[in-house]
Amino acid sequence: MMGLPLAGVFPPIPTPFDERGEVDDRALLENLAHWNTYPLRGYVVLGTNGEAALMDADERAHVLAVAREGIPKERLLIAGTGCQSTRETMAMTARAARCGADAALVLPPSYYKTQMTREALKRHYHAIADAAEIPILVYNMPACTGLDLDLESVVVIAEHPRVVGIKDSGGDTAKLGALRARLGEEFAVLAGSAGFFLPALAVGAVGGVLALANIAPAQCLDMEKRFHGGDIAGAAATQRRMIPANFAVTSRWSVAGLKAAMDMLGLRGGAVRPPLAPLSAQDREELESTLHQAGILPPARRTR
Amino acid sequence: MMGLPLAGVFPPIPTPFDERGEVDDRALLENLAHWNTYPLRGYVVLGTNGEAALMDADERAHVLAVAREGIPKERLLIAGTGCQSTRETMAMTARAARCGADAALVLPPSYYKTQMTREALKRHYHAIADAAEIPILVYNMPACTGLDLDLESVVVIAEHPRVVGIKDSGGDTAKLGALRARLGEEFAVLAGSAGFFLPALAVGAVGGVLALANIAPAQCLDMEKRFHGGDIAGAAATQRRMIPANFAVTSRWSVAGLKAAMDMLGLRGGAVRPPLAPLSAQDREELESTLHQAGILPPARRTR
Amino acid sequence: MMGLPLAGVFPPIPTPFDERGEVDDRALLENLAHWNTYPLRGYVVLGTNGEAALMDADERAHVLAVAREGIPKERLLIAGTGCQSTRETMAMTARAARCGADAALVLPPSYYKTQMTREALKRHYHAIADAAEIPILVYNMPACTGLDLDLESVVVIAEHPRVVGIKDSGGDTAKLGALRARLGEEFAVLAGSAGFFLPALAVGAVGGVLALANIAPAQCLDMEKRFHGGDIAGAAATQRRMIPANFAVTSRWSVAGLKAAMDMLGLRGGAVRPPLAPLSAQDREELESTLHQAGILPPARRTR
Amino acid sequence: MMGLPLAGVFPPIPTPFDERGEVDDRALLENLAHWNTYPLRGYVVLGTNGEAALMDADERAHVLAVAREGIPKERLLIAGTGCQSTRETMAMTARAARCGADAALVLPPSYYKTQMTREALKRHYHAIADAAEIPILVYNMPACTGLDLDLESVVVIAEHPRVVGIKDSGGDTAKLGALRARLGEEFAVLAGSAGFFLPALAVGAVGGVLALANIAPAQCLDMEKRFHGGDIAGAAATQRRMIPANFAVTSRWSVAGLKAAMDMLGLRGGAVRPPLAPLSAQDREELESTLHQAGILPPARRTR
C-alpha cells in the first residue's frame, strides 16, 4: 500500500457551488472531465482551494464520492481530511477511504497552537496513521494555519510507515531539500505552490500540488517535463512567466481568484462561500490582464 | 434585547469528558453547582477552554442544553458559536439561541487569513448579527486564530446594533481603552484573560471572561470589588499574585493545565481531547506549586 | 548609588536638528526650559524619540552634554546608550556617565536575533553593568528591535545589582505586573508608552517614559496624580482621551509625528533625519485634529 | 560603470579579530590568499558574517582597505555599507568607494520599522545611489533586520540605474523568480544563502553570496558549474548534502559557527565579538560532525 507513486502534478480542485450555495455535482464532474484530458497524476479534493474549511462533514464526504466518479482509477484522489481534533480527523480519514480516496492530506491542528509541540504533533499524526486504511500525507500550510511545521517535526511524523509524503506550501525550498536528504526518495515531497515548483523539483521534490494547475495544467506539466528533460532554461522561463498568475490565484485573491479565473477560461468556477467574497469588477479586470500576460487566457478567449 | 448587562466576571468553562472521551453531563452540572455559589455574572460555554474546536456541532448543542440546566436564569449563558463559514456560524448561533443562550461569542473566521480584510470581517459579523435572535459578542483570540482584530475592525463590526461587546484576549490594554473611548459604555469591553483584568478595568472594561475564574473565582471577584471600591493597591496585589497561576492555566498549559488545576481543587476537570495532552507528572507538580503559591490551592488541600 | 528614585513621568525627548540637519543646541535647551516648568521626574535623552539610531557617537555625546546643562540636578537624565556590540555600549555608557547622565537606558542588541538567547542577553547586560558607573535600565522596544524580552530574560538580567529597572514599550501589562511581583519594589518598572500608562500603574509600575509627555505633560502627570489619589475614574477618563493622540505620535507617525505636534504647540520640533520623513500636509491636518480632540492643542492655538 | 558582471559565487567573509578583540589584518589576508585559489567571482566584506554591525566606522574602513590589498583587481570587492541613517550610509558608501570597493551592499534601515514604507525605502536607496560613485546592491536580510523587502519595494528601488542587483537571504524563491521576470537580466539577483542556491539559480539568479562558500567554496562552485552544465541531478545532490552544514553556519550558530568551522579547516576564524559568543564544546562537536558528514571536513582533518 505504501508504495504510492506520487510523482507528478496534482491540481487541488475547487468545489463548485450552485446558485443556492450548495455543492454542484455536475459542475465538479465537468471540470474533472476537462482536467482529465491532461496527463495529471491525480487530484487533491477538499484542500484549501476546495473550501473544505467552509463545509460540513457530510458535504465533504459527498464531494469525495462525486469526485471519485469523475476521477479515473489510475489517477489518484487525495482527500483533505484534517480537522482540529484527532478523533474527527480519524473519522474523516476513514470516510475518505470508504469514498475511494487513495490517500489523505492532513493539516496539522492549529487552534491550540501553543500546545502543538513536536511531540503533540507526532502523537496526532501517528494516531491518525495507525487508524487509517490509506496512506497519509502531511499538509503544511502556514499561511492558513499560522503554524509552520519545521524540518524536525516532519521528520518525526514521517517515522510512521503510513506517512508517505508532504505537501508543503511554505515556500522554504531549503527545507524541502533537507527533507529529501533526510527522508530519502521513499518520502514524497510535493511543492505546495506553483510559485516555487521548479525550485522544489531542483532540490528533489517529486511533484506538486499546484492551484495553478487548475487553470494552467499545460504550463505546469511543461515545467515538469522540461525539468526532467534537462531543459532548465526553458523550465525557468515558464516558471517565471507563471509567478504573477500563480500569485493572483493564491496569496492575493485565494480561492475567489482561482474560481474567477476558471470562469474566464470556460470552466465551472462560480461562487465562493462567505466569508470569502467574489472579486470586485476592478480586481477581475486585473486578474484577466494577469492571465492574459501569462498566456493562460488566450487573446481570443478574452471576455471583453 | 440589546441592553444586556454584561458587567462582571464570567468563567469560560471547560467541557468535562468521561473515560470514553464523551461529554460528561453530570460533571458539567457539578462544576456549575460549585461556581453558582459565587456571585459570577454568568458563564461562557464552548469557548477556547470549552474545547469547542474539538467537538462537532451536535456535541456543542448538547453541551449548551445541559449547561443551561445548570445555569440559573438570572445568570448569563454566553455560547461560543464561531465557525469558519458564515453559514455554519449562523446555524450554530441559531441553535445556541434555541438552547437558551443569552448571547453568542463569535470568533473571526481565520483559515483564509489573507482574505479577511476589514470589509470581509464586517460582512461576516453583520450577516450573523442580522440573522441572530440573541446579541453577538466579538471574540478576539489571536493566540489561537493567528488573526488579531484591530481597533478599526472592531469599530466597523460594532456598527451593527446587535453586536454588543467584545471579549479580547490579546492583552493590548491601549486597544481596550481606545474601544471604550470610541464606542462608549454601551459597547461592553471584557478582558479575555485574568493576566490583565485590573489593567482592563482601569481603562474601562466592564468585566472579564477569565479562565482563572474557574479555579479562583473569589480572587477574580476580589479584584473587581476592590477596583470598584477604590482599593487599587489591594486589587493590584491580588492581580500580581494571580499572574503566574493565570499563565499556567492559559498560555503555558492551556485547557490541560486548567483541567488539571480543577482536579487538584476537587472540581471535575478530567481529560482533554487529543491532540491536547494531559500534563506530565513533572508539570503537574509545578502547577500544584504555582497554585499553592498563589493561594488558590490551600496547604491542606495539597494532594501530596 | 542604586537607590535611584525613578517614580514619575519622563519624556523621552526628541533631538532638534537645524536647517542643515545638525543638532540644534539652542532648540534643545528651549524645549527643556519649557518642560522644566512641569513636575516631571526627569528626561530620557537619546531614546527612540531622540533619533539616537540616526546619530553617530560624537553627536550623541554632544547631545547629552547640552541636555545636562538644561536639566536641573534634581531631575534625572537617563541616557540611551545601547549599541549592537557590547564594547560600544560600554563605551557609550561610560561617555554618558562623564556627560552627567544619572542612568543608562540600554536596548538589547538585536541584529543577530537568532543568537540572542537568554544567556547571551544576560552576559551582555551584566558586562555593561559591571563596567558602568551609573545604574542601568533595560529598554524593551520590540516594535523597533524585532526582539521582545520575555519575563524570564528580564529576571535574569535584573540579577545584577546595577540593573535597576526597565522601560517596557511592548504593552504587555501582565508581564509588567509579573515583573513587579517577581522583582519587588526595588526594581523600577516604567511604562514605555502613554497608551497603557494607567494600566501599568495599576499593576505596580512606578512611572512612565512617555513620548506623549513631550506634548501633554500636564495630562500625563494628571493620570499619575489621580491614580495615586484614588481617582481611578478620572485617571481612566484622561487615559482614554489620550490614547488616539498617543497613537499618532508613536506607532502611527513616530518621531515625525511627535516633532510635528511639538511645532504645533510652539515647541521646537523641526525636521527628522532621513530615512524618517516629515508628515504630509494631509497627515498634519489629521494630527492637528487629533491633538485638538484630545485637548492637547487648544482651539486658540490652532494654526489654521 | 553599471555593467558590473555579478555572475558567480561570493563568500561574505568574516572579519578576524586578534586576542585583544581588534581586527587582525594578517589573518584576513591569509584567509583571502586561500580563497583566491578558487574561481570565486569576488567577496562581500562587512556583511552580516563580517560582523559589521559590531564595528565602528573607522574599523570598517580599515577592514575594506586591508581586504582590497588581498583581493585581486579582477575580483569584486562588495562592501557592506548600510547604516540606520541615510547620511551615515552615504558617508560609509563614499568611504568604501575610496577604499576600492567595486559595489556597495546596502541593508535597509530597520530601526523605525513602522515608518519604512515603500516610499521611504525608495527615497533612502535613491538618495544613496544618487550620491554613490559605485553601484548599489540591495541587501534583504529579514532574519536580522526584522524587515522583509517585498517584490514591489525592490522593483521601485531598482528604478534607479545605479541599483544593479540584490542579495536576498529571505529564501523566497518565488520572489527571486518574480524579480528576475520583472527586472530582467540587467538586474542581478543573488541568492543570499547556500540553503537555496540551486533553487535560486533555477529561477534565474546569476549567483550567490554564500556564507558556506567560506568553508566549502569547491562545493558551492560545483553546484553552479553543474547547474550551468545541465547536470541538475548532480547539482541537487550537492545542494542537499550542503543544507545541514549551511544551516549550522547560518541560522543555527551564525558567525560563531562559521568562524569555528574555519578554525577546524585550518583557516583563521577566531573569536566573535560580544554579544556573540563562541560555541560550547558540545556545539563544536556537533558542528564538526555535521561538517564531516557534508564532506567539508575530511576525515584526516578531524581535530579530535
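Note that the chains are named A, B, C and D in the order they appear, and that numbering of residues resets to 1 at the start of each chain.
Going forward, contacts are C-beta pairs under 8 Å (C-beta built on N, C-alpha and C of every residue); 3 or more make two chains touch, one makes a residue touch a chain.
From a predicted model like this one, the values you see are computed outputs, not experimental measurements.
S.K.: Could you find the chain whose CA centre sits the greatest distance from that of subunit B?
M.R.: So the farthest one, by centre of C-alpha atoms, is D.
S.K.: In whole angstrom, how far does the Cα centroid of subunit B sit from the Cα centroid of subunit D?
M.R.: 49
S.K.: From the mean C-alpha coordinate of subunit A to that of subunit B, what's the distance rounded to whole Å?
M.R.: About 35 Å separates the centre of subunit A from that of subunit B.
S.K.: When you check subunit C against every other chain, which residues touch at least two of them?
M.R.: Residues of subunit C touching two or more partner chains: there are none.
S.K.: For this assembly, give the contact graph shape among line, ring, star, complete and other.
M.R.: Here the contact pattern is a ring, one closed loop where every chain has two partners.
S.K.: Subunit B touches which residues of subunit C in the complex?
M.R.: 171-174, 177-178, 180-181, 193, 195-196, 198-204, 227, 230, 232, 235-236, 239-241, 243-244, 246-247
S.K.: Which residues of subunit B touch subunit A once you look at their complex with the stated criterion?
M.R.: These residues of subunit B touch subunit A: 21, 48, 53-57, 84-88, 109-116, 119-121, 123-124, 127, 143-147, 251-256, 273-277.
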